[in-house]
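As written, the chain order gives the labels A, B, C, D, E and F, with residue 1 at the start of each chain.
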Amino acid sequence: MSSLDESIERILDSYDSQGGINLADVQNFPNRESVVSVLEDLENIIFPGFREDFNLDRHTLRFATGERVHRVVRNLSIEVTKSITYICMIANREGTGCYKYAEQIVLALIEEIPEIRRILFSDAKAALEGDPAARSAEEVLLSYPGLSALLVHRIAHFLHKKGVPIIPRIMSEYIHGRTGIDIHPGASIGEECFIDHGTGVVIGETCVIGSRVKIYQGVTLGALSVKKVMADKKRHPTIENGVTIYAGATILGGETVIGEGSVIGGNTWITESVPPGSRIYNVTQ
Amino acid sequence: MSSLDESIERILDSYDSQGGINLADVQNFPNRESVVSVLEDLENIIFPGFREDFNLDRHTLRFATGERVHRVVRNLSIEVTKSITYICMIANREGTGCYKYAEQIVLALIEEIPEIRRILFSDAKAALEGDPAARSAEEVLLSYPGLSALLVHRIAHFLHKKGVPIIPRIMSEYIHGRTGIDIHPGASIGEECFIDHGTGVVIGETCVIGSRVKIYQGVTLGALSVKKVMADKKRHPTIENGVTIYAGATILGGETVIGEGSVIGGNTWITESVPPGSRIYNVTQ
Amino acid sequence: MSSLDESIERILDSYDSQGGINLADVQNFPNRESVVSVLEDLENIIFPGFREDFNLDRHTLRFATGERVHRVVRNLSIEVTKSITYICMIANREGTGCYKYAEQIVLALIEEIPEIRRILFSDAKAALEGDPAARSAEEVLLSYPGLSALLVHRIAHFLHKKGVPIIPRIMSEYIHGRTGIDIHPGASIGEECFIDHGTGVVIGETCVIGSRVKIYQGVTLGALSVKKVMADKKRHPTIENGVTIYAGATILGGETVIGEGSVIGGNTWITESVPPGSRIYNVTQ
Amino acid sequence: MSSLDESIERILDSYDSQGGINLADVQNFPNRESVVSVLEDLENIIFPGFREDFNLDRHTLRFATGERVHRVVRNLSIEVTKSITYICMIANREGTGCYKYAEQIVLALIEEIPEIRRILFSDAKAALEGDPAARSAEEVLLSYPGLSALLVHRIAHFLHKKGVPIIPRIMSEYIHGRTGIDIHPGASIGEECFIDHGTGVVIGETCVIGSRVKIYQGVTLGALSVKKVMADKKRHPTIENGVTIYAGATILGGETVIGEGSVIGGNTWITESVPPGSRIYNVTQ
Amino acid sequence: MSSLDESIERILDSYDSQGGINLADVQNFPNRESVVSVLEDLENIIFPGFREDFNLDRHTLRFATGERVHRVVRNLSIEVTKSITYICMIANREGTGCYKYAEQIVLALIEEIPEIRRILFSDAKAALEGDPAARSAEEVLLSYPGLSALLVHRIAHFLHKKGVPIIPRIMSEYIHGRTGIDIHPGASIGEECFIDHGTGVVIGETCVIGSRVKIYQGVTLGALSVKKVMADKKRHPTIENGVTIYAGATILGGETVIGEGSVIGGNTWITESVPPGSRIYNVTQ
Amino acid sequence: MSSLDESIERILDSYDSQGGINLADVQNFPNRESVVSVLEDLENIIFPGFREDFNLDRHTLRFATGERVHRVVRNLSIEVTKSITYICMIANREGTGCYKYAEQIVLALIEEIPEIRRILFSDAKAALEGDPAARSAEEVLLSYPGLSALLVHRIAHFLHKKGVPIIPRIMSEYIHGRTGIDIHPGASIGEECFIDHGTGVVIGETCVIGSRVKIYQGVTLGALSVKKVMADKKRHPTIENGVTIYAGATILGGETVIGEGSVIGGNTWITESVPPGSRIYNVTQ
């Protein structure tokens, strides 16, 4: 057994040599479980009555919503505070000041919820209208992974715009793991968006997507270059209103614009802009 | 803090303006956690001894099976009742009558289990024979996502055929989230089916798939048109017995038939029927 | 209700006719929940401080690590013992002897952890350098699915090399289900590996991958033939140092070698070797 | 093992011969866990902020209270419905009517809560003033078993007066098990009651206890006769205002009255009334 | 913090100096949680339908009972094996042999259950008849601590007679903690026993109690001498059929016999035998 | 339903009128669940190996102990900080300073543990020697409530001496609820103490108890006066070394001294000192 003791010592040593002393000492990583639990509260605030195991009515809805909102404010403010500690340190806004700053961001998110709900209902309507297999709005709200991905994205994107680091990525990877849909929190996505099936969809950080866009499984909206120096540039395409992108299509590049109302066929490979109303199909088809 | 109170009021207002009063008041959404818990019981009934943390023998197997079957009848009947309330209302079969009707469906599912087991063992055998990396039937039963997806599909498909709404979709999206394999409950799939790796596979609502079919990751069996008016038509292809479809192939259209014994190469794009015995490869290969 | 009793009897009968008596009586299946729980302990040993809900410091880190290592030795040895019972039986090393043999394997894994940590940090560095969207090492460690998949793979691969059956597959399918990245435990992967987005990636059993390789979503490194007789042959490609493989590329065959420093474009289909420094793009591009 | 099978059969047979068929078939036993969970909600409604693991403020208190009250109405109404099924059956008020009747009782309990709170605060004040060891009101509310017993009793007594069977006894035995204080739900207890230490206290069904009464550990307020024919008679003593009863005293009989302001010494045995202002001590003292 | 490290070292040192090396190394302590969980299963086997949160009917009762009985056999055999390791070691019956021996004891307990049920129903009947406050058999089964204590005692006593060490004491202390009724597993108690209120009742190891005995709170049936040399002698009294012992009575001594049908008044102190039909009251009464 | 809304408003109003605004706003109540969880850790530190569900050996004991000690320091310091906020406020030692002060107290408790262990082993030895029914030290450690009560008391007493408010009372009431033994944290108790059966034992705040004292069930060591003005006086008796006090004895008064080696019979009532070597029996005996 003494060889096990030696192994443990060598693991402890490796904490110093690899990762550096800071990895175990830094105290401000947001906690993944807490972030996920906040997302569940937010989902219940946004679509009340769909996940409960008991019936809400008008009266209980008021209390349940109030309690959830307060819990989100408390718990998410704690996680945001952890994630911005470094930023606060630089700005001399440590301790309580940093928490207050984080809370302001979370309060702004709460204020945005009616607008987020409005847009998500437009997304659900687009799914119901765009999928012949969809039988009811309830079916869409209860079981469409594209809608779950958009719900999380619209929250993560809001926090990303407010400058919150790490947490939006934890959110986007959480829902990526559950749906196979990988939307970077930085991407901007318009109303009435419909992502069908969704597995393998990748939407990059600087994408700008208009309204009434349909995206099928395996679509990549990516970068042409992955050089680190590009980090602050627009590296991902612009998709204008009313575009449909079928399964497996790849659209790359920050200057690539897919013009309004275009249809991009499956398995296509696009690295240059196409004008509005284009119909692009794989040449092998 | 009063701005938070205002935000809460505005969220409550938005429940009226978006989603309508019915979203919080309707009491009959099937509960996702209950449906998943029923699936776990069914998996243990179908493959006893693979998930338990203690050993079953002949004697305990009888009691454990009896208890699980009764629990499935009880819990799934409750969820089915919720999902068919509207149907029952129209048919004047509310209250206890509706529960009885739901229970009949669940009892029929239980009656079907020996047949479902027989087919799933044929699927497992196909995986063992079709994958050089598979070392034993136990390995297949314990770790192949394709088999998990087929297990859930064969249950969801049975309920779909019986006219149960929403619950089959909750089941199929549950296993889609865990395997990346998206099979619509409406699809008909024959015996000895082998889905390898599976991530990104999409099998549409009106697909008809024969026996001894192999499907690799990223295969789409989809529709050519997603117009809502097509909802009651056959929109997805027919795959005859003994067909193999390699990774990334896309086969579209309700009149498209892949003839018996054909091999469809990877990354191909097929929108028209091919005769039995065809060998179709991507022209770029 | 008597028809339900009949259904239960028929299910019990089908346990004999399908699956055979052994399925319920065999006592040595590794338990999936236990294996997953061991993986969580190993993740906390490898990246301490990232998942805890309280702060570790130098002092508590020592105790927490010691406790976790001992728990892994105890719990994983139990699961490995189950998985090798048949092997032990043949080698006349049943009972305590078999447990000792299993424990030796687990102790060797523990001894390897500092080396596994060193390689995973090289992977994290590759992600940070290779993705313009990555803002910090913490973000990579907390949220990149490619890194989670490599962490599990490097453990599963070690056990696979030691001849442990089934458990490495349970591990690889667990993380496949969470990331969409399907790496067979048999695959050999060098340092500084970066798998971006990852959904739909398939890396076959006999792949040999060098250092500094980048792999994007939807890449398949597969076999040309899936005949069972090939089970002991090298069926999957060799990827040399410094290769980049963009999204959706398919590389097949055990004799296929992608030469050092090559770049393989998206959606390409490769079944023959390419020399070092090649640039291969889809002809439709 | 076949002897075990025989044992199981004999146990099943004994369900018929002992307890009767009804014991397993009757569906309307209140569930002990649910009743205890309702008591915990009621305790949090009555003394908010003492058991929470997070801080309530004015705003969250409103939502938390509303949610808890609604949960109590829902869950306790279900349990009360079960307990009164037989009564409802006789009164032709089955099904929904019975639930409505149960709900009326629970709503009346909720309406009584401010009054129950007022009396419990008078009890807490009596403890603080009556025990030299008590340092603060917080200490009394957080740790005095006598106060916990009175809290549960005042709820159980209310339900008992409304004619609810069984549930008040489940409540009183629950707190008896935790405090050693056994107060029958039928007992009537005035304000500013202080039960110190409490272990072994027994207060019978038809006791009538005034205000400002102090009771120490091991005190029995019991019946002289335990003949079943006495069930509807007053069998237990009357304790007038301001009486103190020291440890181990036994006071028996339905016609026994302890006059106002009396002091009953420890280990005394009283079966006849004593006038106001009496001082009764054990003759051996 | 280094003083904390020193404290930890001193605690570790004290494990050697106090308690001896064996306390941490001995592996065969029965686990308290497991024993309690077995008791809960046994309670559900003995009184099915009283604790469930769902309805049992004739069909599910069979499966539920079978499953519970098998679980008790498995789990209690493990705990009994631990408790008798030392005995087995002496008898050269280690390992599997010891488990078999333990299992024989547990199987005998299962065989005894119909008889235990019969006696417990006689106890419940005695409570219903002996307490004017008892309204129904259900109320007694659901809420009388005396019955819970007797249920556990009758199981613990069976194991004690079979020579199982420690586990019967764990059982008796478990229910002592919940009811305040302390019955040593060695005590022999006849049918139709009624223990009312129960707090503070102590019944010693070598008591022999007949049928139709009533015992009230605070009764001690104890020893006159607590000299260790008395360990194998009868040290506690004999209570013949039909005796009633009121609250707080103390009866001491192994040769003390309370003759049939006697009534022992409250707070009495008895150290010598009394003839059948005696009426003994406290002289101060 | 509107009457329910009114009830809720009246409950909310009553929070202002009863209990005062502070009850919901004060943020510094120690959390009962946390305190209990700390006690469980301390019990495992003091008697390692008795409650675990897996085997500790020399190596794992070191890590487990280190981890538990650190957890106690962290969690108990948090609770102590809450309990002393008011004291800190007066002493101008708020915030971090207050936590540091709390931590000092907890570190001192940890330092005391070897001494607490030494004394508890002396208590266990006294139980083994003093109870003919005790078969082994393991039986005593696993199942004697007197030992559990002394374990908690010796911790609570240490904190009480350090001036920590409320938490010692939460601890003593927790174990009072589980054992029926009510020892005020202020009481001073010497080595080799044996409390047998224990239900109903009450030991007051200012008791001073020597070594080798035996106390049986129902013993009260109480005050003669419960006037609030006595709060800072010695109100409870002194028990010298080697005294035995049998069941139900009551000894009252701060100036009452039971001389060394005395035996106090059951059900006696003592309010004046007795010289060393006294034998006091109930006159009715």
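FYI, a contact is a pair of C-beta atoms (placed from the backbone, for glycine too) under 8 Å apart; a residue touches a chain by one contact, two chains touch by 3 or more.
Just so it is clear, the structure is predicted and the values come from calculations on it, not from any experiment.
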B-D versus E-F: which interface comes out with more C-beta contact pairs?
E-F
When the centre of a chain is set as the mean of its C-alpha atoms, what distance in Å lies between chain C and chain F?
52
Cα-centroid distance, chain B relative to chain C, in whole angstrom
26
What is the distance, in whole Å, between the centres of chain A and chain E, each centre taken as the mean of its C-alpha atoms?
59
Touching two or more other chains - residue numbers and ranges from chain C
4, 59, 62, 65-66, 70, 180, 199-200, 218, 248, 267, 282, 284
Based on the touch definition given at the start, go ahead and assign the chain network to line, ring, star, complete or other.
other
How do the chains pair up in terms of touching? List each pair.
A-B, A-C, A-D, A-F, B-C, B-D, B-E, C-E, C-F, D-E, D-F, E-F
In the complex, chain D touches chain E at residues 3-4, 7-8, 10-15, 18-19, 23-27, 29-34, 165-166, 169-170, 172-173, 176-177, 180, 182, 184, 186, 199-200, 202, 204-205, 218, 220, 222-223, 226-231, 235, 248, 250, 252, 267-269, 271, 282-284
Residue ranges of chain F in contact with chain A within the complex
1, 4-5, 59
Which of the residues in chain E come into contact with chain D in the complex?
45, 47-51, 53, 55-58, 61-62, 65-66, 69-70, 73, 107, 110-111, 113-114, 117-118, 121, 129-133, 135-136, 138-139, 142-145, 178-180, 196-197, 199-200, 217-218, 247-248, 266-267, 282, 284-285
Of all residues in chain C, which touch chain F in the complex?
54, 59-60, 62-67, 70, 74
